[in-house]
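The same subunit A turns up in both complexes below, where it pairs with subunit B and then with subunit C.
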Partner chain A sequence: MPPKTTAVPARACVEPIIEAVGLGRDFTVSEGPFLRRRRRTVSAVRDVDLTVFPGEIVGYLGPNGAGKSSTMKMLTGILSPTQGRVRVTGLEPARRRTRLAARIGVVFGQRSTLWWDLPLRDSFELTRHMYRVPAADHARRLAELTALLELGPFLSTPVRQLSLGQRMRGDLTAALLHGPRLLVLDEPTIGLDVVSKSTIREFLLRLNAEEGTTILLTTHDLGDVERLCERVVVIDQGRLAYDGGLAGLRASVPSPRVLVVDLVGPAAPLTVEGARCVRVDGPRQWLELSDNPARVIAEVTRRHEVADLTLREPDIESVVAALYRRSAATAG
Partner chain B sequence: MVDLLGSVRGGRDVRPRRNPAGTPVRTYLRLAWTWCRAMAQYPASLVLMSLATSLGAIAEIGAVLVVYTHAGRLAGFDVHEGLLIAGLATTAFGCANMLMGSVESLGQHIRTGTLDAMLVRPVSPLVQMATDRFAPRRLGRILPAAGVTAYALAAAGIDWTPGRVLALTVFLVSGTAIACAIWVIGACLQFVLPDAREAAHSVTYGGQALVEYPLSVYSRGVVRAATFVVPLSFVSWQPALYLLGRPDPTGLPDALRLATPLVAVLLCALAAATWRFGLRHYRSTGS
Partner chain C sequence: MRVYCAVAARGLRRYSTYRAAVAAGLFTNSVFGVINAMVLLALFAARPEINGYDAEDAVTQVFVAQGLIAVVAIMGSPLELGERIRTGAVATDLLRPVSLLGWWLADDLGRAAFHLVFRGIPVFAVGAFLFDLLIPTDPWRWAAVAVSIALATLVSFALRYLYELAGFWLMDTRGVQTVAGLLGPIAAGMLLPLPLFPAGVGEVLRLLPWASIVQLPAEVFLGKDTLPGGTVLSGLAVQAGWALALFAFAAWATSRATARVVVQGG
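So, the complex of A and B:
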């Protein structure tokens, strides 16, 4: 396992790679029947302050429609912001989109940036011309990435015939051939199987550790977050709900451990001091712990015949869900 | 990996370029060439598709020929003069179709999100879209059209002077540029109406069919519209009048034909402005 890079020391003298202050985006939507159509302003993103330093891996989380994609589009220059200011690698994305594009790599998990009918190798050749990478550099870098991502067996296969995992590895390669300083990933592991996910996560960690590439990723896969991100930013209803370490996120929302008890037969919900039964499914029961697990386990095994026991740590998924609920409550 | 990165990044920092993508024309040629090479990997398919495309062009010009052989003369133009007009129109629109025809997929690029992918690459999205699936088979349309034009130029009894030779070159370039601009403006409709592709065809393919015949066969309103609203007449009609040294039978000033290159430049500027406006609209609505 390659070591994770820790936060860059002496930040004061390092230029941030992403710097957003009060970033916001309003959309005007027309609604209602024709002739009585009304225009209404909706904010997709509001007051987002985000500073990312070179070498960081930042997870950008939020439920669907929270403003993740809008933020990504503003950071990459696809969408112009309506409020605040943003700089990425020192450039204003919406105005210097083309220049910025040469410095960053972008991968959309849901749609490929490769050319459907072309073999992967030709797609990379097109990419090379667009980024004007010298042929020798391109060949070396492609060889490196081919080895790391095991692209060899399907370099000559048209993209439409690739599996989703192969395609994603191809997309990552296309985004990295020009050696970008910042990699922006929009749901890079969506729809992939466990092995493909793991390949991509390990590759990203290595890229970050060896080349110092800054990575900003959105994901719904909290396995990505737990494996990759030391820092998470949570956006909900267009506003930042959390920005900090993964451990801090867990601590910020109390979410208890759960004891899963498999009894020998179905039974009424268990009542044990220090635990609350939250779910029953046949002989299996879920107990939410508010006390020392050892005491609860002792109590349960003393009073019932138990086939199996599992103790579950709070996963990041329930932590984030709790955070969404909390921010919804404060907003409402 | 670290070394490599040094070389790739270092290369850019040592030689800073004002425009990282280089000139659009060079990028266009490189991308188009890469597509041609990719297509050439299936030679049988390429040959068959080119033949099919050329049959289409031959059928179109054949239809023009049928009209003249039946009517003898059309609005005072004989068959060779008629073929010159049709040839110029088909050549210019054929070239434009090859160079810029792919931009008509704009709506599809918007729907599938590939336009976003183009926006995060350091090359103008117009160049990327125009070269997307660049089709060398469209040469199959240009070659017969150019052949007919060459034949008509030789057979129509043109009084060749160095000025006319130069003018022919300028007219071919201008006609192609006008047709390209019409393709781009038609595609830009799709920024607003994603399904406007067919509507644009009425001006692109429809426009070509219109200017394959002497404009004097149409009513006054059509002639004015094809001159001042959508300047299709500068693709074939006005150039043919110049080359044949004929007065304009529709009553418009004869000097108009000299404005052809100017019309091309203005229309291209308009197309560029429309494209930029459309892209700005897209980037501020962020579909």
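So, the complex of A and C:
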């Protein structure tokens, strides 16, 4: 791993690792039957301002088709912007694509960079030549990543025989062997089981803490966001809808806390002032709170025999969903 | 450079796992070569000489062509580039700090090297066993043949790369592949030696790059004065010229394609 593991310095004197100003991309699409085909311009991304400093973990969220992937492609240099300007590690991505590739690591969750017919170890060896990593550095780093991501048992297995979780850990390793300063992840936990997701999340946190690697990730898995990201950027219909802390995101959209009540037996939906019953499942009921929880809890326990109570904070999923609805309403 | 060697080695190793395909290819090429040779022998029984070619020249070219068929891959086994452009998987290729053209060239040269040893030479040996072929005795001629085969492989690669690179503009190159897969082998002199075409047609086909893939290597092998410029060296120069021109064009087209790249899929 890189020799320096310094803490993130104060931001005022640090160059941003990603700097995008007014970034936009239009596509021309052809529509209609063969002879009466019409051309129409669609903007996938508009006016995106994004500044990311070294050492941050930023979650880039948005519904399908919001412009997440287009932004990622512009940041990594495989799609040239039609408006605005962008710099990543000081380079203009589309013009310096191969130079930039040597400085960053990219994992697309739905596409593997590994070679289907080669054992994992051989894929890593090919990666080593590609990034011109000295053999000793490569061996040391591979050993570290093998230990952290528990690759040992399947290093000699051809990639086509790996499970999705194993393949994803292999892809992460391939993206990190050259010690990039920035790791760009497009849906890194898609399709993985709970254990694999958790392994990858803990690994990313450790990478960020120990090496100061900046991480930008898109995901639909809000567990990823809650575990990993201090900062989230939400894009919807090509425009930024939110950029800030996770707590601020919750506050920006009113979403009530929920009280889960386990009664001793099934009952009619509870009616309590300051709460609204939203779901009933046998003896368990979900109450959406609009008032002080203490008062509602006191009221429920006074009137019913209660086996258990849980108070749930609004989860980020419902917050983001509310944000999408709101931005759709303002756009429409 | 190391990375391209590693890629070529991988290309070579990958093809070596398909043993049944190698055996089937050997059988097909040999059978087709025998049929082709017998048809030409029947033709030359009626006319002893056509445009500077006699029966032995023609039959020798048949087996040079059958030997080259898998090496230059002009009739099939496309590069995977077109498919990767169509599915958007080319995005991961572009995220690597290597040249797209260099990468695919290395991969294809690994494949070609494997096919030269395990398909090309055995098929030619079958032909030499069954027919009287004109086999060069001069070691310099053999050196020229080696250079000519290498240049043929490069010209063929550059053309096939361009067919598939068109995918960046066309999104789907199956139309290009079908047309090129049909016309390429004819213009190359793979199906019939170019001197046997009607006068005029053969002359025009000789002016195209495809002639460098089979016709010129066969004439270098035979040491024919029908080569452009009349000598083996001038024949090699024409092949090298095409290789240079096509690689320059491929490099330019690659930079154009990746500058306006539209990688498909989310």
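As a convention for this text, the second predicted complex is superposed on the first by the 307 of 332 C-alpha atoms of A that agree within 3 Å, B and C clash if a C-alpha of one lies under 4 Å from a C-alpha of the other, contacts with A are read in each partner's own complex, and residues count from 1 in each chain.
Following the convention adopted for this analysis, contacts are C-beta pairs under 8 Å (C-beta built on N, C-alpha and C of every residue); 3 or more make two chains touch, one makes a residue touch a chain.
Note that the coordinates shown come from a computational prediction; the quantities given were computed from them, not determined experimentally.
Colleague: Consider subunit A as the common anchor and indicate whether subunit B and subunit C clash or fit when overlaid.
Modeller: clash
Colleague: Compare subunit B and subunit C by how many residues of subunit A each one touches, and report the one with more.
Modeller: Touching more of subunit A: B.
Colleague: With both complexes superposed on chain A, which partner does A:Glu210 reach: first (subunit B), second (subunit C), both or neither?
Modeller: Only subunit B is touched by A:Glu210; subunit C is not.
Colleague: I'd like to know which partner A:Asn64 touches here: subunit B for first, subunit C for second, both or neither.
Modeller: second
Colleague: Based on the superposed arrangement, let me know which partner A:Glu299 touches: subunit B (first), subunit C (second), both, or neither?
Modeller: neither
Colleague: When the two structures are overlaid on chain A, which partner does A:Glu230 contact: first (subunit B), second (subunit C), both, or neither?
Modeller: In the superposed model, A:Glu230 contacts neither subunit B nor subunit C.
Colleague: After lining up the shared chain so the two structures overlap, which partner does A:Leu79 touch, if you call subunit B first and subunit C second: first, second, both or neither?
Modeller: Both subunit B and subunit C are touched by A:Leu79.
Colleague: If I apply the document's touch criterion, which positions on subunit A are contacted by subunit B in one structure and by subunit C in the other?
Modeller: 27, 73, 76-80, 94, 97-99, 101-102, 106, 108, 110-111, 113, 115, 117-118, 122, 125-126, 129-132
Colleague: What residues on subunit C touch subunit A, complex-wise?
Modeller: By the definition above, subunit C touches subunit A via 2-3, 6-7, 10, 14, 17, 88-89, 91-92, 94-99, 258-263, 266.
Colleague: Residues of subunit B touching subunit A in their complex?
Modeller: Result: residues 1-2, 4-5, 7-9, 11-12, 17, 19-22, 27, 30-31, 34-35, 37-38, 112-114, 116-117, 119-124, 128, 132-133, 283-286 of subunit B touch subunit A.
Colleague: Per the contact definition, I'd like the list of subunit A residues that touch subunit B in the complex.
Modeller: 25, 27, 70, 73, 76-80, 94, 97-99, 101-102, 104, 106, 108, 110-111, 113, 115, 117-119, 122, 125-127, 129-134, 137, 140-141, 144, 148, 178-179, 181, 207, 210-211
Colleague: Which subunit A residues qualify as touching subunit C in the complex?
Modeller: By the definition above, subunit A touches subunit C via 27, 64, 69, 73, 76-80, 94, 97-99, 101-102, 106, 108, 110-113, 115, 117-118, 122, 125-126, 129-132.
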